[in-house]
Each structure stands twice: as C-alpha cells, then as structure tokens.
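In structure tokens below, several structures.
Here come two complexes built around chain A, the first alongside chain B, the second alongside chain C.
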Partner chain A sequence: MSAANGRATVDVEGLSISYLRRRQPLRVIEDLTFSIRPGEAYGLVGESGCGKSTVAMALMRYLPQNAVVDAGRVTFAGDDLLGADGATLRRWRGSRMAMVYQDPASALNPSMRVGAQISEVYRQHRGMDGAAASKEAEAMLGKVRITDPGRILGRYPHELSGGQQQRVMIAMALSTDPELLVLDEPTTGLDATVEAEVLDLVEQLRSDFDTSILFISHNLGVVRRVCERVGVLYAGRLIEEGPSDELLREPRHPYTLGLLRCVPRRGMRKDALRLEPIPGSLPPLGADLPGCVYASRCPIARERCHVEPPPPYDTGDGRISRCHYHDEVPTIPPGEQQITPPPPSDGATLLKVEDLVKTYGTSGNSMQAVAGVSFEVRQGEVFGLVGESGSGKTSLARCLSGLVDASSGRATFEDHLDISAAEHRRNAELRRKLQMIFQNPDTSLNPRHSVRRILGRALLLLAGVKNRRERERRSLELASSVRLEPRHLQVRPSALSGGLKQRVAIARAFAGEPALVLCDEPVSALDVSVQAAILNLLLDVQAERKVSYLFISHDLNVVRYLADSIGVMYLGQLVDVGPARAVFDPPHHPYTEALVSAMTTLEDSGGSRPRIKLGGPMPSPSDPPSGCRFHTRCPRFLGDICRDEAPPWQRDGEGHQYRCHIRPGELSGLQRANGASPDEPQAATRRDHPPKENGRQG
Partner chain B sequence: MEGRDATAVTVRPEAPGSPGRREGFGDLALAAASSKTFLTGAAILVFWVFMALFWGVVAPYDPQAVDPTASLAPPSGEHWFGTDNLGRDVLSRVLAGASSVLTVAPLGTALGMVGGIAVGLVTGYYRGRVDDVIMRVVDALLAFPLIIIAVLVLSVLGSSKVNVVLVIGVVFTPIVARTVRSAVLSEREREYVAAARLRGESGGYIMVSEILPNILSPIAVEATIRLGYAIFTSATLSFLSLGIQEPSPDWGLTISLGRVYLQAAPWVVVFPALALATLVVAVNLVADGLLQAVEE
Partner chain C sequence: MGRFLLRRLWLSAITLLLVSVVLFVVAEVLPGDVGRTILGPFATNAQVAQLNQELGLDRPLPVRYADWLGNFVTGDWGQSFLLNTPVRSLVVERMVNSLLLGAFALAFIVPVSIGLGVLAALYRDRFIDRAISVTGLSLIALPEFVVGVIVLVIFAVELGWFPVSSQVPSANPVDVFRQFLMPSIPLMLVLFGYIARMARAGTVEALGSDYVRTAVLKGLSRRALIWRHVLRNALLPTISVVSVQVGYLFGGLVVIETLFNYPGIGKLLLDSAVGHDLPVLEASVLVVAVLYMLSNLVADSLYAVLNPRIRVGR
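On to the complex of A and B.
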C-alpha cells in the first residue's frame, strides 16, 4: 500500500498511541498504517473521539504530554519523524510541514497584523529581511485569492471575515511550499458559503502547489470534494481505505456504509425515507476488544467478529477493509423503512409573527439583530429557519421563547396568547405550550442534577404534577417516549453520551404537552450517526404528540429533509419563505440560491455544478446596507434599484415568496440557465442507498 | 468539540465518573487526595485541629500553671519548649493556643463565605442596577486595607472573640462576593439556566439549586484561601491586643507579650510563631492542592 512510484511524503506504519490517565494507559490509536504520496490529498474521516486529531498531532509531533507512542514508525519524506530531535523538528515545522487548525480566529495572533504574521514565516525560514518578506506575503495572499492583498496585510485578524482568516492561515501554511499540509477540520466552524469558498480554494491550490495534504474532517461530503483517497477511522483503527469516489459510492465496511446511510441525501424527504442511525455507541477508550471494534454495532456481525480481529483485507483497486465479511457489505439491505405518518395538520395557524424587531444596545450604538420579521407556523408542521451566523435566527428564537423581550412587533400564539413579552411575564399555559430544545446538551442540562430531577422538575412546573409518586411514573413515561431506559433516570448527564443527553433535553421540553417546540440547532453538536437518531426521534415524537417545530439550522441538508416550510434569513430579515420544495427550487432569492449551491452533498463529485460565489463578507448587522440588504454580495445585482430601494415581496404561487427586485419568471429563467437545478423530481421517491445509485458518478 | 481528541479523552461520556472539569465535589476531593501538596497540608491541618480539640490530654502541663521558680527557663527535657516569664510551659501553651485561632478563624471565614455567596449570587444573577450599586460598595470596601477596617471596627465595638469573628466575616464578604459573582456570571449564560427560566423557575431556585451546585469548586478553593488569611488576621489582631485577651494562650497574643524577651528567651516567641506559620502554610497547601485539582 505504500507509494508505488517514488517515496511517500508520509509513511505511517503500525502506529499505536495511548493517553495516560491516572497513570493508566488508554489506547487511542491502534496499529495505524497509511501513507500519503507526494501531491496527494488524503482524507481522514471519523466521528469525534475516533482519534483523527491525535493522528494529526502525531504527524506534527505536537502530541500532548500524556500521550505515549507505544509502537510503530512514522517517516516523513524518508526520514524518521518520531525519532527526530527538537532542532530538526523546528526546522521542519513551518518550512516542510505545516498545519491549519479548525478555528482560524483563535489560531491567528489577535494582537499582530496579518502581514507581520505571514512575513514572520519568511523571515524565520527563509532569512529574508522585512521588506522582502512582506512583499512575499502579499504575493502569497494573492495566491490564496484574497482580493486586495495589500490592504489585508495591514489588518488585524478580527477585521477579517472567517473565510479570509482561514485563507490567511492557509497562506501562512503554504508560504514555505511545504511537503506536507495538515488541515484539521478547516471548515468546521465556518458557514456554508464560507466553507464552500475555502474548499474551492483548497481544490485550486492542489493544482498550484505540489503539496501532500492530510485533510481531517467528520464530513464525508467535504472529504469527497477535496481528496483522492480516504481513510475511515473508527475507535482508533483505520477500518477502511481507498479512492474517495469508489469508497463512498460502494463502501466495503459496515461502518462506512452506516455513516453514509445516516445523513440525509439529496432530495431525501422525511415523508419518503427514514434516516438510519447506527445503533449503539463508540466503545469506551481503552476497552479490551478481542475481535472487531465495530462488532457490537454491526448488522452483519457473526461470532467470529467478536473473537478474531479482522486484518486489513485487500479488496482490490487499492482498497482495504478491516471486515471479515467485506464481500457482503454491498448487499446489506437498508434498515426497516417505517415511515412515520406526518400528523394530520388542520392547517390552522399556531404562531403568527408580525414585524418582529429585536434591537440590542443603546440608541447610540444599537444593533438590529431581528429587523422586522413576519411569518406563520401552522399546526403540526416543521418550519425550518436557515441562514448563516449573524443572520438573526438565534435572536429570533430567543425572542419567541421569551428569553429576551422583543423590541417591537407582535407575536401571537394560538390566536390569543401574546408572546412578545419575556418569560417572567408569561403565564403557565404559554410556558407549557412553548418550549425549547437547545443546541448543546452538555450545557443545556444541569451537570449537577440527575436525569430524574431534570425531568421531575419539568413535570412539576410544566405539567403541574405535585404528587411525588405520580411524578416518578410520568418521568418513566416521558423517558420511554424518547427511548431512554429507566436506569438512565438515576444518572447525571455526564454519564450519558451526547445523543442520550439530547434525548433528555427533548423529554424535558415535552413534559407539558407543548404545541410548539423551538429547536435551536438541536443536532449540530452531535455526530452524524447520533444526528440521524435524534432527527428520527423528533419526527416520532411529533407524530405521537402532534406538535409543531420551529427548526433552526445552518445545515440545509437537514432542513430540507425535515421541514415543511422554510424561512431564509439574511441580516435580520426574512428574504425567502414558503413551502420547502418551492424554496429550494428556482425561482428563489439569490441568497437562497447561493446557500443551495454551497451545500456539500455526498452526490457531488466536485465541480459538477457551478458554485455561486458571494462577493465579500457579510456586512455588520449594526450597519446594514441600504436598499436590499443583500445587494453588496448579490450575484444577480441589478444596479441602483437594489442599492436604493428595499425590494418588494415577489409571490410565486404555493405560498412561496421572496424579497427581490427580480420577478419570478425572469429569476427562474436566470437560475435555471445557471444549471443550479438542485432537485430531480424523482429523487424523493428513489430508494436511496449508495450501492444502487452509482450511475451518475465516475 | 470535533477535532480535539485529546480533550475528548477527559470528558468522554462513556466513562462515568471521569474527572471532567465540571464534575462534582467527590471527584474534586478524589483528585485533590492524589496530590502530595494537598496531603501534606491536610496532615498538618489535621494535627492542629486534633490539638485544638484534645490539647488537654496531650499537653504535659496546665498551660495556665504559674511556676515562679522556673521563669524563662530554656528548652530542656522537662520543658521541651522552655518556659515563659511566669514560668508557664511553652509547649503546653502552644498546643492549647491552637484552639482559639481554630475557633475564630473558621467561624469568621464561614460568616464571610455565607455573606459573600449570597451577595455574589444575587449580583451575578440579576445584574443590572442591583449589581451596579452593590459592586460599587464592594469596591469601596476593598479599597481599605483589611487591617485598618478591623482596627476601626474593633476599637468601636470593643474586643472579644465574637467581635473578631464578626469583623473577619464582614471584611471577607465583599472579597468572596467578587469571586462568586464572576463564577455566576459565566454560569448564568449556560443553557440549563435558560431552560430553567423557560419552565418558570423562580430566581431563588435558579440561584441556589441550579447555579450554586455548579460553582462549588471555586467556592471551596476560595474558602481555603480565606481560611489562611483569617488565621493570619486573627493572630494579627491578637498581636495588636485588639482580639483575644489574656490569659488565653493564643499564639498572636503570646508573641505580642513575649516579644520583650526576644533577646533573652527567644523560645517564648519562636515556638508560637512557628506554630502559626505551620498552620498558615498547611492551609495554603490545601488551597493549592484544591486549585490544581479544579484546574486539571
């Protein structure tokens, strides 16, 4: 498997790493073998806790102090990396190997100008003087396609957008033309449009530079776009490896297949197909597993799998799978497709928001986070709210939930309850009927309270269950409705996995039979395999209890799968609203168009669709552009009319409307001509599992 | 979360009871107990607490027994630490002296902690006008050196054990309130507090039952640090004869009275001073150990 032609840039052989905890070694990487050829992009994917960052750290020799390399060999361009001394490493790092981190905002020095940070690399490793170094820095910024590099050099990191910051990081990393570039989740914290921008850049740079790339990500779609070969990590083992297109189209390990099946694929809708979560959870660190690490969760595991660790089987075409029964993987049938019937919706309006405004700050220095938003949520529907960070969707949710007061406007619930007032002025009925599920279950559950207490308290206040016995009975009921077991009631949240914690949070929101639940990014802190289970649960609970969701997410794949209606927010305003299908198809707002084109789906093999590039960063909400708020970045900018006049709502039948100066007929023509037709009409009914749909790729 | 496996190791959900940063008291104690710093401090502290309770059994002489024939006798087999100007056994007095300081200091600390926690919770949770007003008062109080306030108050109220306890409590309240307030400020932004508000919990419940249990670690550290200062303050006040009065074998008082004989009979001063030093150091070691355990 090592490089057939020439020397590999990185060659890892039999690497095993442990972390010491309380003097107890816990194995995190077990017998890892892979290599990256010169100029190749190698993707390492896996869920959190599988050890992918440990691999990155090991390659940079940045392992934390409590990490121990137990066995194995790592060579970097033929030289022993693990044995290299400090002086050698210092020479290598920055000049021959470089790393780009997940969060560019914290990886850049906030007190140094960007130019000084980049030219430091040239002075350090090339021995250049100040003037030459800053000239090189400017040239480098040009190479990472930053507009106006000369001006950017004089800026501080906080004056740049997330995408620009990550470009600067990449520029720094590439400035010495390294042989190895490690990208550790380079797009994870970024918005979809920015992510697309950064991935485009990485793709372009591949042709300009002859750098080997180790690309670490939890997102299969992202890896597929950028990398030639992919390795899938599970519990510290490389369980499958191969060329990315083939591997993701026809996986040969049940885990890879499971990962692919639990993300919503293009055109997949809740009423046609159910997501398939992977049962069980990751084995605990340092667990003694005699057989295959995945055996306990595997649908085709036999007795042999529990006793005999699978060796890396060569499955042909440069592919490797650590599964005894890798031949059978393509024939694993999709799981039971019990589709939850959507609750009968009588179409009555449940929540009516009219011209809601939320302003933060004082009059002199104010920021309109929500700038006059109107929409309706009907009984029994899922209303998806999408938009990039800073678009005001979370502020809107906080207003509706009552955590903050709305500054002006009206919001009525069930025709008679005014909810523009904050929570302490709300009555018990409203509190019961309108609950919220938060993004991160680690912080939304009190770590010092047991699950029993968390649910009991909610039952006491929201359902008014005073009797202790009765409360216990109802807690058990509530727990079982979110598929928690009675034993989970006794423990504190820290003893539960992320998915189980989010179930507790969901159960808590449902204690008082709510009519509307605000879900603020409820799955974005979770791994994909857990995500699927939580989304299914939300749908099941909805079917049982006939509740409506206001579902906030930045993940368009998830929203498209789940939502009946969708609202798209930009800079505090709703710019596009209507039934889910209509919003995703042209004609739609140019901003929606950009968001849709930035989606990374598994089906794209990259470059098949022209991506719509947004000009410049998002303006600050404290100083929104005049006229149409989107005009500064709009790819369909018309001219003065966009700059001067606020656009009218354009209606496009079926209740779909968007805010733009371009009429539906015209816009539809423009957008279809662009080839950005995201939905095939038959997609929703297709039985969607990977092995059967390989016709379009390759 | 994603992409930081090294941290994921310490907070892995699959391993119950792992020493995450936000774990409970039991885990804190467990982590502290494995630190040498903490254990050393705790051992010395336990020794002095034992003496404070049972000096009557251990002390070779009655600490108040006057023996004019053995005035200022140097350390010997009979009197290990020598005798003072009235011929009282220094060893017995040092052992007995632990009880006064170990009554006054912990009580004063406890009072300061209770007051500080209450003020810190209210100001940190409600913010706004209440916070502004109270914190400005706190700032004003903090501007005065501790000892000056103590001297002022005690000269007005008169010196007694109870008053020393009150003074320490009052002086500590604003200091503790600051620490607690800053812990509350970061804790109140967590979503579990938002969830509690949305289900209609009262402010009191949220402060006491939701937030307080989550800030016990910094409170425990603060309490031990304060205890060290309280011991020192109470000794200082006795030394200035504003605190505990004669004929108590209190260390500060003994040092104050014995300092006249420092040249001729240093043992009268040195041994109670050493006792005081070991106690303060012990408490600080415990505080350091706890702090490390919290930060880990």
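On to the complex of A and C.
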C-alpha cells in the first residue's frame, strides 16, 4: 500500500529454476523479476503447470530436492534469501514468513490437536511456555473469526470443517504477524460460500496485519478481489504485470485476454455469447522456445514472434507486457459468435422427480441426504443444481442414475419409466438414455483399456452395435464429435490430460444417444481454458443431439452461464427452483441470495458489493434444524415462525418458487434495498438471533 | 474406545472358538493311533483298544469336543499321554519360557529396527539408506534355521562362547544373554527386515506429507519436527506390522527352540505333534492362538490410542 515505504518485502530478480528429470535439467522458471512491497497483496495467476507453486516454494526456500536454482537473486526484507543458511531459515520461517496452501485437511498434522499445532509457533519463536502459548493460540483463533475458539483448540483436524481447517491454517500463519504470507490456492477445493468467507477473512486481516501477501490462484475474479497488483505467469515467464483492476479490465497481453475470455462474465449467457477457450496447450517443460513462449497459441502472432523473444515492454502506469504487439491487444476481436439456441419453450417433461427421499444408515443412526425433493427437467434444457457440499446434490444424482436406491418417492423418466424402482434400472433402454459424467474421469474410465476399447464397449453395451467394423467407425465418429484426434484412441486414459479424459467420458456417455446426462461437477477439476472448451463441447453436443443435462456445480458463474432452470439445495431440500434468471434475481430464497452474493466475478473489484455472511457452519443432515432448515444461518430470520413451522412454497410467477415464510413482494423489497445500497449493515435485516445458535458447532 | 475394545474382544472370542473347532477336528484325524503310540509295538490290539476306551477316544467327535472345550475353559486341561503330567502346568511353564525368549528378541530388535528404519528414511537414497535397506531385504530372505545353524556352529560349537543347547536363564543378566542371544539372533534378523522396512516406508511417507511441510515452514527445529510431526504418524503402520510379526514369531520359535533344544512352547508343540500327545498339542495351539489374539488386540488398542481418527470417531 505504502510504496514510499522504501525497501520491498520480497525482491526477485532474474530468477531461473530448473527441475531435474532423469538427470536432464528442464527449465520451469525463466528470468523472473518481480517484487512485493510492504503491506501489498501481489497476485500470481496462470494455467496449471505454469510454475506458480514453484515460485511460492522458492520464496519459502522449500523447493523439491530435484530443483536447481540456475540464476537470480531473491531478497527477503533486504536480506539474501537464496543464500540463507538453515538456522536463519528456521528463524524466518513461521516467524517472518509463512505459507498457507490448498487442501487444509492434509496440511494439518492429523494426530495432533489444532491448539497444540498453533501453540507450537509461539513456543518456537516467542519462547512461551505451554499455557501462555495456548492462550495466544486461542486469541489468534478468535482473530480469524472462528466461533468458540476455546473448544476448537482441543479438536483434531478431522473434526473440523474445511473452512475451519483453513482458518486454523491462516491463524497459524499469521500468529507471529509475519512480513510475508504466501497463499497458494488457499480456497481451491472449498465450497463457494466457504471460499467467500475465507477471502473475506483475508481481506479483513489485511487491515489488522501489515503483511505482504503473495496470492496464487487460477481464479482471476478472486485475484482481482484480493490483490492490488497481479503478475501473469506463462510457461515460467512473467508475461504481464500491473495493477489488478487495470490489468484485468484492459489486458495488454494476448494470453491474459485469452484467460479472461475463457470464463463466463457477469450477465453472460450461452444464448448470447460463447466462451472462448485458448487453443492448444502449455508448452512442455524444457521445450525449446526461441521466440515468444506464447507464439504457438497466440491469435496475432507473426514471423517476428517466432524468432525474437519479447522483452518486458513498459506500457505505462506501472504495467509491463512481454508482447511485441501489446498495443494491438485491445483490438483483438472476439471469436465466432455462434449462439446456442434456447430450449424449446414447450419442451415436454423428460424427468419428473416427486418427493424423492434418500436415507443413509440404519434406523438408529440415519441421515436424510435427500429429504423430499420434487422438480422437473424438460426436454432439451440444462437444469442446474447448486448448493454447498453436503447439501445432497450428489446423493440426488446417484439416486437418479441408479447407483443407489431411493428410499421413497418417485422419479419418472419420459412419462413411463419409473426410475426409482430398481427393476427398471436394468432396462437397457433406460441405461442407454440416462448417462452420467463425473468430476473425476479417472474413477469412471477403466485404466487398463485403451480409449478405443472404452468407446467400443460403450457402443456395444449402450447402442448394441455388434459389428466390429461398424463399432470402429462409430468410435471415430464419437471421438471426433468431442474433438478427440484419432491418435487419442490408441492410448490408455492415464496418458491423457484431465481435459482429454473428460472428453473421453463425455464421448462414452453419448455412445447410446442419451436423452438425459447427469453431470456431477464435470469441469470443477479443470483449468479455465479447458473448462471453457468442455462447456462449449457440452453445448455443441446438446445442440446436435437434443439432450438434456442435469448439471451439478458449485460454481455459480458456470451455472448462470449454462443453465435454463436452476434448483438450489440446502440440507437435502430444494429451497429455490425456477428459470435461471428468476432464481438469480430477487426475490429469491435467502439462501440463494447468500450464494449469489458470495460469487466472485471478474467485474467487481474488492468489496464493492455487500457480501452476506452465513452464521455458523452447515448443520448436520442427521439432525436437521426444526421448522425452516435454514433458520440457524438465515440472515433474514423472522423469529419463532421460522424455528417452528416449515415454510410454504412461495410462487413468484413464471414457474419460480422458493420455500420461505417471507412473501415475494416483501422479500423483493428487502433484497433490492440491499443490493442498491452496499453500505447498509446486514445485521439490520436480521431481527432476532435464535438464542441456541451461539456456540453451536457442527 | 470402550466399544471398540469390546467389539474386538467379541470378535476374538469367536475366532478362538473357530480355531478350537478346526484344531480339534484336525488333531483327532491326525494319522496315528494314540493307544498304539503309548503302549508301543508289542502290545496286543485288545490292550490298545482298552486304553483308547479308558482315554475316551472311542466316543463320537462332537461329544468329545464339547467335553474337551468345557474342561479346557474350566481349567482342566487333562494329562499328557506321553509324560503323564498335568497338561496345564506343562504348557504354562513352556509358554512362559517361550515368552521370555520372544520378549528378549523383541525388546532388542524392535527399537533397533525402528531406529534404523527411520534413519534410512531420513537419509533417503544416501549410502546409509541403501546399506540398511539392502541388509534388511537380504535378511528377510534368510530362513531362520539356516541362520540358526550358522550361529550355532560358529559361536557354540567352534568358538564355544555360548552353550550348544540353551536353558532357561537365571535372573543374572549375564546368564540371560548367554542363554538367549544365540537362539534370538535368527528371529531378530528376520524381524529386523520387516519392521525396518515398514518404519522406513512410514517415515518416508510422513516426510513427504503436507503436514510435515507445514511443520518445516513453521521453522521448527529438526528434533521437534521429527519427534512431534514425523514419528507419530510414521510409526502407526509399523505397529500393525509388529503385531503381525509377533504371530510370525511363534512359527519361528518352533524351529529355533528345536534347534537350540530350548524348553519352550514351540518345542513342546513339535514334540507333542510327533508323539500324538493330543491333550498337550491341543492346549499348546490354543494357548498360542489366545496369545496371538491378545497381542493383536494390544497392537490395535495402541494404534487407536495413537490415532485420533479411530479414537474419536465412533
């Protein structure tokens, strides 16, 4: 923030790092120069594998054993970092520099209470005894806004939710008020609402602590929210750098522009604009790149780009771009604008779910994962299903696909097939017409079979193609319809990248001309560019084959872009359902409101929109709250009525309905008022806290 | 935790019951005529039949099983056919002897193997690791009777430093070493391979884990790092291996005790099997089974105590 404050916290100059693979050094970071000023948050973005984590590890001096620093200088608060000895590093780490990374569950020691893990830092660096350290740890947990820190201290990591675990990690990192905090994808893998909470926390903590932050993320919206400056990394080179708002609003490098065009922007819908994946992929590690590293994928590359590496051009306002033609970037036209036709408005009902219930466990210890859900999916539409993890989305999909039996209720497919009944699942017609695509294609593709064999088998089983030559022809056809090359048919799934594997899974699902495909987080594990390609693919295949999707995702940007109808689930119940537009705009269920407010989009920079915070964690589905299931966390809680009476469905025209005691007219007023004046304190709408909620922890 | 233990105990009891059935059936159909074995080749068939009847060997199998089990549970383990002494005191005495020998071997080799395994992991891929790993692997491949014969010939027969046939030692530590060192070496060598390998693997895994990275990046000293963060998580799998190896130990004891002529349960087992001394054989096997179960139970409880995920989760 205060650039005048002289010396940078971190100063990296000309850093080059290689990994040794089979004794062969492969350059992963090339001539990297950047610095982070005191109190500044610096974002590092780029595709998976571009070297972000390598940079983070270099700053902590914790590179893998096979990494070699070939050149460069890194100083930490003026002192040489690369040359620091073990004792110095031990003194710095945990005290003056700290790190938080992805997957807090594995980052905490599973056999040690979290209190002890935090106290350890105070004991090591502040020389405190057990009691004093533990008191400090409790205070620190309070600072990261954990409810009931005293109790949390005595817990083991696996007894905490993902959000709580990440808070503990952050508490640990900030416990000694370090000068540098490295955050490597700290919210990846967390639910949207939890992600929003953690980001809020990081923002708030920045005012309490004067820490410099290196914030790594593949999510440009998140970076824009948190960081003042951003560096874009590509194949180990910093190809663009600048203040985050300006850089993301008007990029000066074709790669940055490409990244931005991959993700759905606010208000962007499939029927108006198409996502634009970046063609090609990251050059392999150690590739010989004489010119611009991005030349093979760049839409405006010329002769010169292939021979002359672009230097860091100063483009003004503290911005740098490594592109010979950075002036032209703002004029790169968007790609072809093929519009996806909207679903037929008179589409017949394809799937009708009525009061579906799925109970796991025995009578003594049972849990209703799906608690009476009803909705319809029409022919040719995309039905988006959203909700936090544990809300029952996947259980619902598993019931519908026949992986598990529904406990009660009905699901009717094409008006005549009762798919909640087990005997119908073995029906060949149904198996063909109802297919599933998962988040992780590894678990669903047989690793011992080649792609050809996988598709061939699907054609045999689902489409009944007995003739081998015919199968071969249809396999090729399927492969090309998901943009797989014939050469991909020879190999096993393990030889393919995540995006290609997902294509194989999609091709397989389409072997038998399905009518409905259940997609459970199909793009969540993929890079933005690959994600855009897969989403486009799903839409293209849909246009060709008139299929419907039930699309489960925690990414509301994607759902908003893709879905025609949306259902919002909370604790096993559907609380909001209707046409996409109606669900996203007020009046909508208070839970939907919270989800929407938690969305990080590219458009808004830090803190411009009010964010609704949900009190406390999601209650356990085995012991759901009485009355309205959302009442323990609802920001619009009305009082006894919410606690005691299950709310009715409120209708809001055009087939939109939500389950709440507040009527559409009133709710609409409340929610619009809120959206209009960001400064209005949220608590004003909350009339009365349910008393038992305090101190309640999952 | 209490429920976990109860369930384990209950399962162990069922397993033991099954073992006893199988044992009884197998023992009873072992080739050989008990009366004939006892009376020798010169007795008449009538004498043999009469003895068999006296011993109750002519009754139906289930009746004899129920009878035997009932007696066993109430502590009446019968008389040895061969030695004509009460089975219980005999088996218990031999068991204690074996436990002493086994405990000696374990007390010695478990800490050493774990220590060296951890050391190998800490110096992964360096010379010290290679040396420890290769030694461990080759030792696993050596059958204990081979090692037994070698040490017996070298140290007892040739050099005469140790007795050729080991006795139960007196309380004198020197005597304990004198009597036990030779017979426990073959056992220790094999155990070393397994335990060290497991300890190394567990430590390597822990060292590569995210939580150890967290600990390093907290700036902990190497000692705190290893004791608090690495070892506890690394040694969990090793505990299971040790408990399995205790079972293995009894197998090894049969060979070793015979070779060193040591009066333990292994030797008793072999002698009674060869001599068709059914009451002794059955009692010995059952006692070994009980001990095996107990050692597993102890290992599982230890595992649970060290692993909060099992302890706290129902």
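Simple rule for what comes next: the second predicted complex is superposed on the first by the 658 of 698 C-alpha atoms of A that agree within 3 Å, B and C clash if a C-alpha of one lies under 4 Å from a C-alpha of the other, contacts with A are read in each partner's own complex, and residues count from 1 in each chain.
The rule is simple: a residue touches a chain if its C-beta (ideal position, glycine included) is under 8 Å from a C-beta of that chain, and two chains touch if they have at least 3 such contacts.
Predicted, not measured: the structure shown is a model, and the values here were computed from it.
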Which term applies to chain B and chain C once both are placed on chain A by superposition, clash or fit?
fit
Touching A:480, do we find chain B (first), chain C (second), both, or neither?
neither
Looking at A:53 after the superposition, I want to know if it touches chain B, chain C, both of them or none. Which is it: first, second, both, neither?
first
Identify the partner contact of A:110: answer first if only chain B is touched, second if only chain C is, both if each is, neither if none is.
second
Quick one: chain B or chain C, who's touching more of chain A?
B
Have a look at where A:428 lands relative to chain B and chain C in the superposition and call it first, second, both or neither.
first
For A:622, select first, second, both or neither according to whether it touches chain B, chain C, the two together, or no partner.
neither
Which partner does A:490 contact after superposing on A: first (chain B), second (chain C), both, neither?
neither
Contact-wise, after the overlay, does A:443 reach chain B, chain C, both or neither (first, second, both, neither)?
first
By the touch definition at the top of the document, which applies to A:349: first (chain B), second (chain C), both, or neither?
neither
Looking at the overlay, does A:28 come into contact with chain B only (first), chain C only (second), both, or neither?
first
Distance of closest approach, chain C and chain B, by C-alpha atoms in Å
5
Which residues would you name on chain A as touching chain B in one complex and chain C in the other?
none
Interface with chain A, chain B side, in the complex: residues 1-6, 8-20, 22-24, 34, 190-192, 194-201, 210, 213-214
Contact set on chain C toward chain A in their complex
209-211, 213-221, 224, 228-229, 232-233, 236, 306-309, 312-313
Any idea which chain A residues touch chain B in the complex?
19, 21-22, 26, 28, 48-54, 57, 64, 67, 102, 184-185, 188, 216, 218, 281-285, 401-403, 423-424, 426, 428, 431, 435-436, 438-440, 443-449, 457-458, 461-462, 491-492, 494-498, 500-501, 505, 508, 511, 525
Report the residues of chain A in contact with chain C in the complex, numbered from low to high.
60, 62, 89-95, 98-99, 101, 103, 106-112, 120-121, 124-125, 156, 158-159, 169, 172
